[in-house]
């Protein structure tokens, strides 16, 4: 439970807010590289942290992220023309490059233009392409300030064939969506099949784990989660955030462990991947305080993704919903996620198709911004409690002038999460060491640090 | 004409308002029994008096009306599963019964759950099924306080075959809709045919009285109303509210009387039924301050309703509009009631099909909340004036700590309204005695007081 | 650049605002005569300067413009019946004529009605039909105050066969739309074809000048505008407003002049017409502060308009967009003007079809109300600067109790704007005299002053 002030701090990320300032201390995914497929191609409206922006790929292939307002008379550069080195305003032809510099002022005599151009710069943010996404560094940085290095997240380091990247719209505040991502206890209800027989259960469990390999998520895993709805949580803080383990009773003498990662400021790795299987992650990036983009990525460090894996991600599986070309899930707030009460009675606990959709429905249902001043938290909410503490402390730290945790420590992002089965006697540290070779899930990668082009 | 303060008091019914407190002193219809057809069936969102609620029928057949918010993390119980004795939250499985008690907390260890359950109760309101509708008693009653008895309205006392019950959405404040219901003067214009000949008039008058028996409403009745647009009003207060008589010139030497009832806090009986014919009533229940449900009911104390009567109610007749499966009239604010100017020129005074729809159009047209500070009331508005006085006095009375009028007097609701033809020399009292056997329209029913299951 | 206060003053036209008071000192177009085609026909909702009004044509053919609220109980007279001399309220039959007088109160006894009718007048504004439009004089004039004469705009003086009149919805504040109309510099970008060859350019230039005669606007004119994006402005104030000349380099030794007129408070004549060709004008009439009707008119003083001209106006050409029966452009804010990025790359500068639509898109893009406190104005914005000064001075003048400029001077509106080619050595005055026979564009018309029926 939070005070009203804490809840405001946690959830508000507009310019000048403490959490907004924390977010702006990091590189953030702002759109997918595939949304800007061609040089000099169509610009795209982007709203991030409450700021209306315009993204475009210039003639050189560089991505600009700029304020969309022409400083001449205030026309929207979305209607401008992306041509040879910048966006030209459609009203009177003023032109701006990816750094927001005014390159041309055809309505102004050349002699005046040279000086007026100085005053005509527009706000722009540095960008990088990294792991199939465009990242931006939105700090109000003093001139000459060098952005920090990119976080060395594993999905961005593997070859492109080893990864799949997409995004999905979520119609609620970022923080409750993130809480849903690290709250691994809810699988026991939210994603659970309803069945009258073991055969029915098996068949329906397979639907719930669509998109996962059988080694990561089988009907046995689902059954263990049904039979033990009270996982025991173990949370450890590390340089980049939190590692969150939850153990459930498995077969006699065994525990089924699900271990998630939360990385500052808004990245989460899912707890399902068995060793050698495909990993999944999500980044909750606020559009405004009532909606967010969830960037989703899957990667396999050891092999390219299979055609079958990709097909399941495109059509709805693992962390991906069935969605339209605009990245809006087909099941969404406006249509009540196509909730089917007959399905809820007979087939699964929500009557909603798809694990990602079930997550979205219940998180949206907490309100546009969840009211955390009225809650009754229990032992399975410990991950959520740690998450809130982490975020509020970091926001306070940055508001006090300190550096944002891990913002300058790209290697701290080299961690993994995943699932495993362990003897019931093994403690969290031992499980971590056996599963990941490290008690915090840190990975060594045989590659030099890579930065995008 | 009211002061701004009086108009606010009359129209605002949210929690804590004087009128809202008055309404909450009575049993109120909140949905139709047919909306919850099966035990353990789909729950239904209900908004009444500005409160968002959830109605469900439990495994025992009892109707719960609860706050839809799970106290654990605030998920919406609308997405929960109605199963065996209560609604189970879809997020982590907490379960609540029709009294709002927490029955199960699967994420909490059993020893803790027992005590935590005490704190996890959610708001719930007592309900009864009565006359085909679910009624709720929404007072903030102290623990152990017994709700009052149900109002003994005749439609609820007759056998089910003798009645028809439905509801319709109205897109304006409850009070102006109620005023339209008791303002029987407007028939002379709002519902009047336009005709170039007596034949045309007769044919169109029949359309205006669709759903009524010829004895209650014939072309003669319509003609009398056209020829005398200034009915003389006679209003008497009684234990449960008001009886409102309006007489018009009929055939020479005769008066055509239309006598309505208004029963606290929001029920009205229409003035048309001739003796032995089917009666009609409406209850204006605020959804919020800008819309209301009008519950509509028709009953015949002496015989079952005919198939023809039912058919006319289902498709639009008497107090019923043509409507969709969601109880929203097909002709509504969004489509301007399908106003047809050609029809208005040649066939009826509004160009809108249907008496219920004509009422809705003109009442909605007064604004979301009618501005009663700018009015020019005349003698035919006397019913409206009495209604406002009744409601404002009762609200003040309850705000002052007194009991709500008739809330504890179920028998006071045993009254009838209707129409009759009387010698021009007969006064209101005599007309009432001849038509109803009682000067206030009170009825004796040969049945013990009935309460719902 | 304006201060925040100046920007508010310029853009707000509701009752009681300085600019609203200025606008109300003039006759204003409020709807088209064709919207009220028949006597006693359907009334039409009109919103002008933030006021909700009702327009109707009475049995005598006169147009009433009245407050739509019945003073009895506040029903909306839009639902009333237009019959024999006035609108009759659909609720209880009170009736109002075009002057807002209450003619009949059928629910009130005749003896009372006579006096009550005095109190039951509703607000009404004088109207005239003039040039195919209904004009209203919306001043809060003292009783007996005679409205000023109608502005003698040439399109209203020519025979009906010589003119075409329509209107179009614009989804932004009136002032930025008006600024777009007098800002003739933007043609060099906003309306410019994109071409890879002279042939392509010629063919596409023809699309940009659809609706204009070749003498007024040919591919040469378009080419001159492309090649010289920095017109030199010459602005002169006259009795009714401003004449605004802009010269560009034409063929060697020649200047291509485009000369617009701005007439108080919201009329503009376009700068394209060559001598003897068809003239065009637009009037920006605020609906509210976020949208306006642009009344559009074309006229030829010397000959009837051709069928081809009319066809191009109806389907989209000159100042007319392709539009629906409701006068809403098919390309509008809700569908982003059907912006086509492929067209923007290959065919024209905006990717939007139609000159009127391109104007609307870029003007709307400045925001619902353009923020003039953040601008970088240059020499081509001089027309805009003069316009703002004219309007702000006039508003201050009227607020100070002085008469509105030209409100009582109908002959001052007899001016023309248009285009011409002149020797590069000729100054603005000489160009005006040669093109219009007068240095301010004043015209002598061989007709007595005409007032509408």
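By written order: A, B and C. Residues from 1 in each chain.
Keep in mind that, in the parts below, contacts are C-beta pairs under 8 Å (C-beta built on N, C-alpha and C of every residue); 3 or more make two chains touch, one makes a residue touch a chain.
Worth saying up front: this structure is predicted, and the values here are computed from it rather than measured.
Copies subunit A and subunit B of the same sequence differ by a rotation of 120 degrees once their CA atoms are superposed, given in steps of 5.
Both copies, subunit B and subunit C, contribute mostly unmatched positions to the interface they share, with under half of the numbers common to the two. Averaged C-alpha coordinates give centres for subunit B and subunit C that are 50 Å from one another.
Looking at subunit B, one finds that none of its residues touch two or more other chains. Residues 179, 185-186, 188-190, 229-230, 339, 341, 344-345, 349-352, 358, 361-362, 365-367, 370-372, 374-381, 384 of subunit C touch subunit A in their complex. Within the complex, the subunit A residues that touch subunit C are 40-42, 69, 71-76, 78-79, 81, 88-93, 105-109, 112, 116, 119-120.
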